[in-house]
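Lettered A, B, C and D in written order, each chain numbered from 1.
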Amino acid sequence: MPKLSPEASRLLKKRIHAIIFEAETKEGKLFDVALVIVILLSVLTAIFESMYADGGFQTLFYSLEWFFTVVFLAEYILRIYSIERPSKYVLSFYGIIDLVSCLPTLLSVLIPGAQSLIVIRALRLLRIFRIFKLANYFSESMVLYDALMAARVKITVFLFSILIIVTLSGTAMHVVEGAENGFTNIPTSMYWAIVTLTTVGYGDLSPKTDLGRFLASVIMIMGYAIIAVPTGIITSELTRSKYQNISNQACPGCGSQGHGQDAAFCKNCGASLKTPKPPESN
Amino acid sequence: MPKLSPEASRLLKKRIHAIIFEAETKEGKLFDVALVIVILLSVLTAIFESMYADGGFQTLFYSLEWFFTVVFLAEYILRIYSIERPSKYVLSFYGIIDLVSCLPTLLSVLIPGAQSLIVIRALRLLRIFRIFKLANYFSESMVLYDALMAARVKITVFLFSILIIVTLSGTAMHVVEGAENGFTNIPTSMYWAIVTLTTVGYGDLSPKTDLGRFLASVIMIMGYAIIAVPTGIITSELTRSKYQNISNQACPGCGSQGHGQDAAFCKNCGASLKTPKPPESN
Amino acid sequence: MPKLSPEASRLLKKRIHAIIFEAETKEGKLFDVALVIVILLSVLTAIFESMYADGGFQTLFYSLEWFFTVVFLAEYILRIYSIERPSKYVLSFYGIIDLVSCLPTLLSVLIPGAQSLIVIRALRLLRIFRIFKLANYFSESMVLYDALMAARVKITVFLFSILIIVTLSGTAMHVVEGAENGFTNIPTSMYWAIVTLTTVGYGDLSPKTDLGRFLASVIMIMGYAIIAVPTGIITSELTRSKYQNISNQACPGCGSQGHGQDAAFCKNCGASLKTPKPPESN
Amino acid sequence: MPKLSPEASRLLKKRIHAIIFEAETKEGKLFDVALVIVILLSVLTAIFESMYADGGFQTLFYSLEWFFTVVFLAEYILRIYSIERPSKYVLSFYGIIDLVSCLPTLLSVLIPGAQSLIVIRALRLLRIFRIFKLANYFSESMVLYDALMAARVKITVFLFSILIIVTLSGTAMHVVEGAENGFTNIPTSMYWAIVTLTTVGYGDLSPKTDLGRFLASVIMIMGYAIIAVPTGIITSELTRSKYQNISNQACPGCGSQGHGQDAAFCKNCGASLKTPKPPESN
């Protein structure tokens, strides 16, 4: 690499940063689109490799995977090069995902036949989320994210209660049905309880005794009633975020209420609403 | 066809248009009802044909299908004849469906034994939606349609996230369970992941190893928690359309929108909004 | 039956009517409780009869069923005797259910071994709904009923769309998978489509080909997205019935809004709100 | 145990009570954390015992279980010792759970090989709920609990209707499909109906006849429509608790309730409501 003057280096860094990390400029957008395509192609390659592993395409898949690895590696190095504080990026969630995206092929040299590296290759898909985050028109996804975050504690309490119900149901079914009907131990029975409560119902394990079927019926109807809970949580959060933006401020002119958060004038009498509002807590 | 005077031809066109394209007149309603019956009968014929393909009814089914084809073809020609701009109709969604409705039998002469034409015959059912659109008393369906349209972006983001979860889950299960338990390749494992996440759970593929069952349990509980998301989206849209009462009126002063139904003054500039509003239909 | 004086007969009728048709008096309540117990016992008898059909309990079950028949027949005759206009009762929904409740055993004399009469015996359960309707403390069920009724048209439109999706999916899967994978004809494939869309997923029929699995995945994800629709409909109806009772009336004293429908005085300044309200349409 | 002076005994009791029953002090919190860990370890022991019953770990599991039993027994005795009114605690829900937690191992001495005691050991998990109740930061769970309680009657009515539908469906399917397709008796068919209505769909029982499949389709679509009901109930309760903001304050003038949180005057009689309200916790 030829030595650059500090000024030229600074400008180059800034330019690369704008292209790689931002999505405002035309080049930035082009880079994002190209990256999404390369990511999707690399995952498609992994998928096809799993389908035609025995065919004569081994060399093709191998070459493609090396090509993607070089591309991701080059991108990773450019990201570190162009950013102000590389350490912060390297240790961030997406920094780790970016590094991991380059590893499978490199590791496959060291550990031959490591089939499980295919999972790491699929992890590249997570990188697409960052690109969508940059593209502002996907701001709708934030509403979903906010609703999920707001309901975080409730969902945790809910999942925890589910876990206790699953343990109790699983233990009871292990005792009632026993190993001869496939409920060989408590973890297996807990797996059955999860399959049942979530209404998936594979049927690989199913109660055979009368008491077991009765117990399963109770668990199913319970599951039917509590499936409503997470839905209720998310829905009420999503609904709340819609209603909340009605301010409680009364018009100083006519005393009317129900103005939007962004209202500067009273909707009834047209008087100015510019009394200072206290900062909202939520 | 005898030559018609231009005036008589214009009147005939107008009359046919009123009968075929509109639902206000008595004849128009009768035509719609007759068309719905013919469509349902033609689909029922296709269904019965699939059931008694080996019986001695081949000639009957064949004759019936030719009858329906002639009816739909006659209707298609009349539609083109009576409409002002035929090209616009021909290239519209329903124009293509109408044309496609006539094709199966005609094509079966060219391609003998083309069993797959039965799908095209079922597509005739889509034509019923147009008739319902005409019938105003089905205006309720528009509320559903509007809610789905308003939630369009959110549902897309949601489905896209599901797709990434499915790919990651499918790859992981392919590695964990392997071909010997039926997870032969990534697409098959992704099919399993979709069957599981949507809580369908056929059981044609199900995890057999302990690690696979644990992973499947996590995926199922995750699916149980996120099944709440589309429900929350639709519900909050349906609820919003009832409560928000946000008028579409733009302020004559500053052009801003989003005023409440009851607003008399613009919330941004305080200008009067008292331009007469048309009476609302719903 | 000894001849009664007209006056005594009228009083007896009135008394029986109060006991059988009403639930205000102590006797009326006792009658209802006794009737619920007899109904449940008669259905339990039918259930046990199906379980121990081969045991030596035939005579017991036969005697019990005759006992219940006599009880229901006596009750039916008393209902006709005590009501003002018997014809109206006889032809009403519950009148027919009451008559049908007596029939199975009577019919079994004429048609020996008619196993299907057991369904009619289970229909007796429907009679319990009337008793709950009388008991006013079950008024909560009316909220559910009202919500379902209000969403009647939307649910019909929804179910109709489901039916069209089911027909199209079923036809496509019949062509793609074919009879060799169990999709023998269109009705069978439609049954599969319903099992899939409703996320029941028995697994008695499941796609085997790659194209079939892809198509099934699309149908499942579609089903996952549209399962939200009926939930959204019911929820928004239930929520609406809660919010509606906020009046739009502004206080004549201070102009404030948001008073409950039942408010007689302004909650801000205490002024009377007794300006005549227009009759509400809904 | 050496004799304590009454004063020392009183102080000791108070101190033990603060540690065991409360979570304010540092020792109280430590005790709770330790108890959660012991409970989880004891349940994990039961789970591992079910997995490696045949291995050489019998003595280890036996010793561990005795250790946990002694710990729980000691805790139970301390709870009785330190509380004011022991009888009230002993007969309370958690008092019985605490006692039951000590029993399995003690009983296993009397009844050797009583495998079903493993269920009682899993019941120990219920004790965790009490500890969460103490920890105030889990107050979110109360919102869920309140919503479930508020919807108590509606859910009961709903479950009762489900039970009637299940009985009718089960009886009908028993008659239509019969014993040769697995619907051997009405309880088995009711089990199938519950598996179907809750959309679990194991597939261990599934309709084989055309009429049975049609009937099953109707039941499934019905189930699809009514799955919306519990969701709607919970959601509208959760949403209501956010919006309704109905104060529990009774009017000092007329005793009426149901005033809004912001009401300054009674909506019935116009009397002032300005009695000081306690600060709200949530």
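Here is the rule we use: a contact is a pair of C-beta atoms (placed from the backbone, for glycine too) under 8 Å apart; a residue touches a chain by one contact, two chains touch by 3 or more.
Keep in mind that this is a model prediction, so the values were computed, not measured.
With B-D and C-D as the two chain pairs, more C-beta contacts join C-D. Taking the mean of C-alpha positions as each chain's centre, the chain lying farthest from the centre of chain B is D.
Same interface as A-B, judged by over half of the contact pairs sharing residue numbers, among the pairs B-D, A-C or A-D: A-D.
Because chain B and chain C carry the same sequence, their contact can be compared by residue number, and under half of the numbers here are used by both. Here the CA centre of chain A is 42 Å from the CA centre of chain C. Note on chain placement: the centre of chain B and the centre of chain C lie 31 Å apart, centres being C-alpha means.
Work out the mean CA point of chain B and of chain D, and you get 43 Å between them. The geometric centre of chain C is 29 Å away from that of chain D, both derived from CA atoms.
Among all residues of chain B, those that touch two or more other chains are 158, 187, 199-203, 227, 231-233, 235, 239, 243, 262.
The touch graph of the protein chains shown is complete. The part of chain C that touches chain D in the complex is made up of residues 43, 46-47, 50-51, 53, 115-116, 118-119, 121-123, 125-126, 128-129, 132, 138, 140-141, 143-144, 147-148, 155, 158-159, 162, 187-188, 190-191, 194-195, 197-204, 227, 230-235, 237-239, 242-243, 258-260, 262-272.
Across the interface of their complex, chain B is touched by residues 153-154, 157-158, 164, 167-168, 171-172, 174-175, 185-187, 196, 199-203, 206, 210, 213-214, 216-217, 220-221, 223-225, 227-229, 231-233, 235-236, 239-240, 243, 248 of chain C. Taken together, the chain B residues at the contact with chain D in this complex read 199-203, 231, 235.
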